[in-house]
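A short worksheet on the structure shown next.
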Amino acid sequence: MKLVALVLVPLLGGLLAWPLGRRRTEWARIAAVLALGVDLALALSLLGPAGPGGWLATFELPWIPSLGIGLRLGLDGLSLVLVLLTLLVGLLAVFASWSEIRERVGFFHFNLCWVLAGILGVFLALDLVLFYFLWELMLVPMVFLIALWGHERKTYAAIKFFLYTQASGLLMLLAILGLGLAHQRAAGSWSFAYGDLLGVSLEPTLALWLMLGFFAAFAVKLPVVVLHTWLPDAHSQAPTAGSMVLAALLLKTGAYGLLRFAIPLFPDASVRFAPVAMVLGAIGVIYGAVLAFAQTDLKRLVAYTSVSHLGFVLLGIYAWTSFSLTGTVLQMVAHGLSTGALFVLAGALYERTHTRDLERLRGLAPVVPRMGAAALFFALASLGLPGLGNFVAEFLVLVGAWEVRPIPTTIAALGLVAATLYSLRFFQRAFHGPAAEAELADLRPRELTVLGAMGVALLWLGLAPQPLFEVVAPALDVLLRTAGGTP
Amino acid sequence: MAGEALALAAVLFALGLVGLLVRRNLIFVLLSLEVMLNAAGLAFVAAGARWGQPDGQVTFLFILAIAAAEVAVGLALVLRLQTAFRSLDPDAASRLGG
Amino acid sequence: MIALFRLTARVAVVATALAVSRRHAVHALLYLVVSLLAVAFSFFLLGAPFAAALEVIIYAGAIMVLFVFVVMMLGLGPGARPEEPRHPDRWLGPALLGAVLLGELVYVLTLGPRSVEIAAEVGPKAVGTALWGPYLLGVELVGLLLLAGLVGAYHLVRRPPGKEKT
Amino acid sequence: MLDLLWLVPVLPLAGFLALTFAGRRLAKPAVTAIGVGSVGLSSLVAGAVAAAFLGHMPPGGVHRQILWRWFDVAGLRPEISLHLDALSLVMILVVTGVGFLIHLYSAQFMEEDADFARFFASMNLFVAMMLVLVLAGDLLLLYLGWEGVGLCSFLLIGFWYGEPANVLAARKAFVVTRVGDVAMAIGLFILVDRLGTLDLQAVVARAEAQWAPGSAAVVAVAALLLGGAVGKSAQLPLQTWLPDAMAGPTPVSALIHAATMVTAGVYLVARTGGLFELAPSIRTAVAVIGTATLLLAAGAALVQRDIKRILAYSTISQLGYMFLGLGVGSASAAIFHLVTHAFFKALLFLGAGAVIYACHHEHDIFRLGGLRRSLPTVTWTFVAGAAALAGFPLVTAGFYSKDLVLWRAFAGGHFLLWGAGLLGAFVTALYSFRLVFVVFWGETGTEAGARPGWRMTVPLTILAALSLVGGWLGLPAVLEPVLGAAEEMAEPHGTELLLQVLAGVVSLGGIALAWALYGRPGRHGDPVADALGPVGRWWRAGWGFDALYDRLFVRPYDAVARALEKDPVDRLPAAAAGLARGFHRALALTQNGRLRWYALSLAAGATFALYLVLTL
């Protein structure tokens, strides 16, 4: 029952924030904060020893029994970590947009809450039809967030984002139906329950095609290189909260989908596909890093760093070893925090200077020293400085991937040099050089709190990530056992 | 016999079509349309005669009515066109640019 | 009497070809009337006297009159100058074709109907029965269509208020 | 007492935190107290730890302090642990001791700077990270310190970031060393994959048990670790960042780019000596790289005009000697040279800093001159440092340590390397006294302005004393239990003595030549550079490595990045959209409002349909 509440609370919070925002804008913000705060407490209360199969909690209610579709939810360590990340980043996103969003505040928070609810649902759903439903649920409010509160090319970005995700989502729907049909043929009854579909034996070619259907949807979200081009536009055009949610959370649904569905449902096909995926991951690391280096738009630069960082995630997922999966989960969390923080900074800079053009930002360190320090910190996190979460994550991913495939791993490791280049270029371009003459306000206490929370979390993940690993480990063990060892 | 009647219908139809495509004057376009409708009616009547059934003539009646209504509206449009564009060339009224 | 039909058909084709190719609208209409009459005659030969009668009355009569009215209202198109009505160039063709049709008609009337028909006659009674039987809905629809045509035509030619003169 | 070991790195770290979060609100004396005091306290604790360690040697000569477990995944359990043995003890004493002296010196040198607090915060963080590096009991923690010092180096090179050249130098230093770091990281992957641990002791033990000498895995690991060391210690082919790193304040150059950070590579190779012993080919490579670097850098130092660049190339060259020592299997000689080098090179940098401080930031040695009269303390301490660098026989520390390295090379049978090292020693003596004679003798150039106060002269004096007597410390004897004793000397004692005499003669010869060329009054210009002509210009440009790398890596990367800037992959969906738009245009053309055109297309369509019906 708690699981249902976990999804319902933000939905209700959003419904409440909308009308309240018409009366007083602060009320909408407070409603959103309260809903997410309550949800966070709820999620924390689910921490505990894992039950059979690694599940911490499950829920089941029939929905369309004749087709075997049910409201099936389940939470294991992996889901829990991502749920906590979602709520944390969601809360920080509300705070980060406190002064940025001034129009249609109620509707903004409605959309924000509903996106978060969709994401939470995706992390919890254990019925494929329900999963698809929630997958689409998180899409629409996100499109609104970009299209209504975005920057100069917001419509273009929103439509591109919508087309990419929608088209790939339909491929996944086809694959879900195909899988359901295969189950019906084999077992004689319809079912879309995750547990039932896990064991379906498929003809290899069919399995490969169905797997590719899932992969397409998740690859667009992740994003895998070649399918990534919606991301720089969406990220750079979205408002700060939108960019945070996109980078920190929405991309993670792709990784989660691969971990939870694409590989366990089609283990053999995934083994065949793994070399391709790992090479794609390595290419993504380098390609994203080179493009990030070339950008002049601050938010686009950060967006391309996401492509690069999630290349590690893809590499780690398809290496499918204990090391790489643990690293992948940590990378998801750490990337969410570091990139989210960079977007907060980019938003703060934009609010003050009204530009995101790196050619025009220069020598800001003496003007806004706190912002400079924060930018340096998160730029270092993004280049993988040891002591911060991203390093441990990338190290574990690369160690795990090395055991499986050394060559793509080596290429990905070179991405660390490229990451240094773009991180330093970003930091030095904006903050170093001859001192700017502008008078700008330094970070305000609210912004400092948001960034400070993210910074402390990154330090914790970098120096003592063990508690996180212990939450995730049972779930990853189950996944590893389900889909066999290293492919 | 019925075959020859159908051939006649086809020739009349083709003549009407050529007129429709070739003439620029809207009056002639409508006129050609009448010829084509008439040819179609002929085909129906011939078919009805071949089988000795009244259905062909019934359909001819319908065509007749349609032709009458069409001509009424069409000629009204011609009048409007003339007042608006001072021309009977339908291309003069092409504002739907591609 | 296949020969009779063929002759009628030739008259129809020639008249139609001339109708669509005349420069002058009134001439074209004259040829078209001939063409319609020829088709009406062929209906008669095909054993459909009711259709033939309607063809003459409605097509060659009513619709053509409508055309003529419109042509007159438009001021006779390109050749708008006053014309010599008795000039043989203008009426000779239609008259000749019409004479052929008249000859056929006289021939048929003197010979008697039985021997002329090519197909078995389907009389007005059978058509009427069919119309009010299975095609009743179609008749109603056609009625509505005609009403719509009437309203539409009226609406279209009505001068917009405020604009008194063209 | 040993349990207080954790305080050694934590104290500077606390200083860093205090200065970062409160530095802007503190008065300068408070900043000085925190910045210098934290390192001073740390050096006192290090001294106490050393006394306790040497007074009561723990079993096995190793003291371990586990602070907490970093993580535990699939059998890999790196710990945040401190590992104290003779090697790390020597290193922490050098880092905290020399570090403290340089901090004290900086208190005056940087006094006028607006960002006083930021400077000390970065310096403290550097000391903390360096201590983590040398105390780490686990290669992953070592890597943390390794990258941490790189970061501080970046921050301090770019300390005066108002100047674009400094910003670029900082970035270059970080990126070039990161190339080496990535190689090292890959080496760590192999270690985890094959040995399942990164614990320093376990790695060496398991490597010896599991890998045959010269097997592919151990060669790969050693080569990759060497890559990291080469980057950090500015050896060929990754040496290009160090001369540019002189953009930082001079105390930074003294601390980071002479005494401590750049020697981290030497430390790493010494620390993982067990692996290098299993990979003899790579160990030879270490010696060859070291020798090549020492010759190249000495040549470059000979023709520089910027006082700090001379010292930078000299540092590269001296690091080459340490690598030579490591490569011929005598880590203790290398570490000995590391320690004496830390003393005399820090001294030389601080002396150079004092000159620069006094002479209005004049870097060109040929515009200086005759400073002997106006800056006596600086002059004599500088001469002591230069003598140590040149290996002036018997009375300087540099003579003993360099001679030990050369002797071990000779004794190991590497005659060619020995000969090259001797040639390097000659050039070293020549360029170090060229510097001394040009700057302190001859006609007066730029007038000395500000006189260095006690906070600058005291560190200079202490370091000068250490540069002279440091050779009698007997460090190799302390280190040999950890680093392994050198093989039994095949040659009789007499040969060693003979070689020492030879080295002394070479050194004195270099100094004499320097006097002949630069010391006598009435000198004009730069005879050596003039004699070398275009070769000299080539050497001055660092043997053209910068230009080469610029062509090979920087520009191609830039070009690729610029070519990709608009993301060519984005053309793909744009092409799909373009296709749809083109299709739309084509269809829209048919929607032209021409009635007869519609009729024609209708007729054509009907005809086509009819044709299909009739033929199919």
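For reference, chains read A, B, C and D in written order, and residue numbers begin at 1 within each chain.
Here is the rule we go by: a residue touches a chain if its C-beta (ideal position, glycine included) is under 8 Å from a C-beta of that chain, and two chains touch if they have at least 3 such contacts.
Predicted model only: the values in this text are computed from it and were never measured.
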| item | value |
| --- | --- |
| Averaged-CA centre spacing for the pair chain C and chain A, given as whole angstrom | 76 |
| Between chain D and chain C, distance of the C-alpha-averaged centres to the nearest whole Å | 106 |
| Centre-to-centre distance between chain D and chain B (centres being mean Cα positions), rounded to whole Å | 94 |
| Intercentroid distance (Cα basis), chain B paired with chain A, Å | 65 |
| Touch-based graph of the chains, sorted into line, ring, star, complete or other | line |
| Contact pairs between chains, per stated definition | A-D, B-C, B-D |
| Residue numbers on chain D that touch chain A, as the complex places them | 20, 24, 68-74, 76, 80, 140, 143-144, 146-148, 151, 154, 158, 161-162, 164, 167, 170-171, 174-175, 178-179, 181-182, 185-186, 188-190, 192-193, 557, 560-562, 564-565, 567, 569-570, 572-573 |
| Chain B to chain D touching residues, read off their complex | 17, 20-21, 24, 29, 90-91, 93-98 |
| In the complex with chain C, residue positions of chain B that touch it | 1-2, 4-5, 8, 11-12, 15-16, 18-19, 22-23, 25, 27-28, 30-32, 34-35, 38, 41-42, 45-46, 48-50, 52-58, 60-62, 64-73, 75-80, 82-83, 88 |
| Complex contact set, residues of chain A against chain D | 160, 164, 225-226, 228-229, 232, 287, 290-291, 293-295, 321-323, 326, 363, 365, 369, 373, 380, 385-387, 391-392, 395-396, 398-399, 402-403, 409-410, 413-414, 416-417, 420-421, 424-425, 428, 431-435, 463-466, 469 |
| Chain C to chain B touching residues, read off their complex | 2, 5-6, 9, 12-13, 16-17, 19-21, 25, 28-29, 32, 35-36, 39, 42-43, 46-48, 50-51, 54-55, 58-59, 62-63, 66-67, 70-71, 73-74, 77, 118-120, 122, 126-127, 129-131, 135, 138, 142, 145-146, 148-150, 152-154, 156-157, 166 |
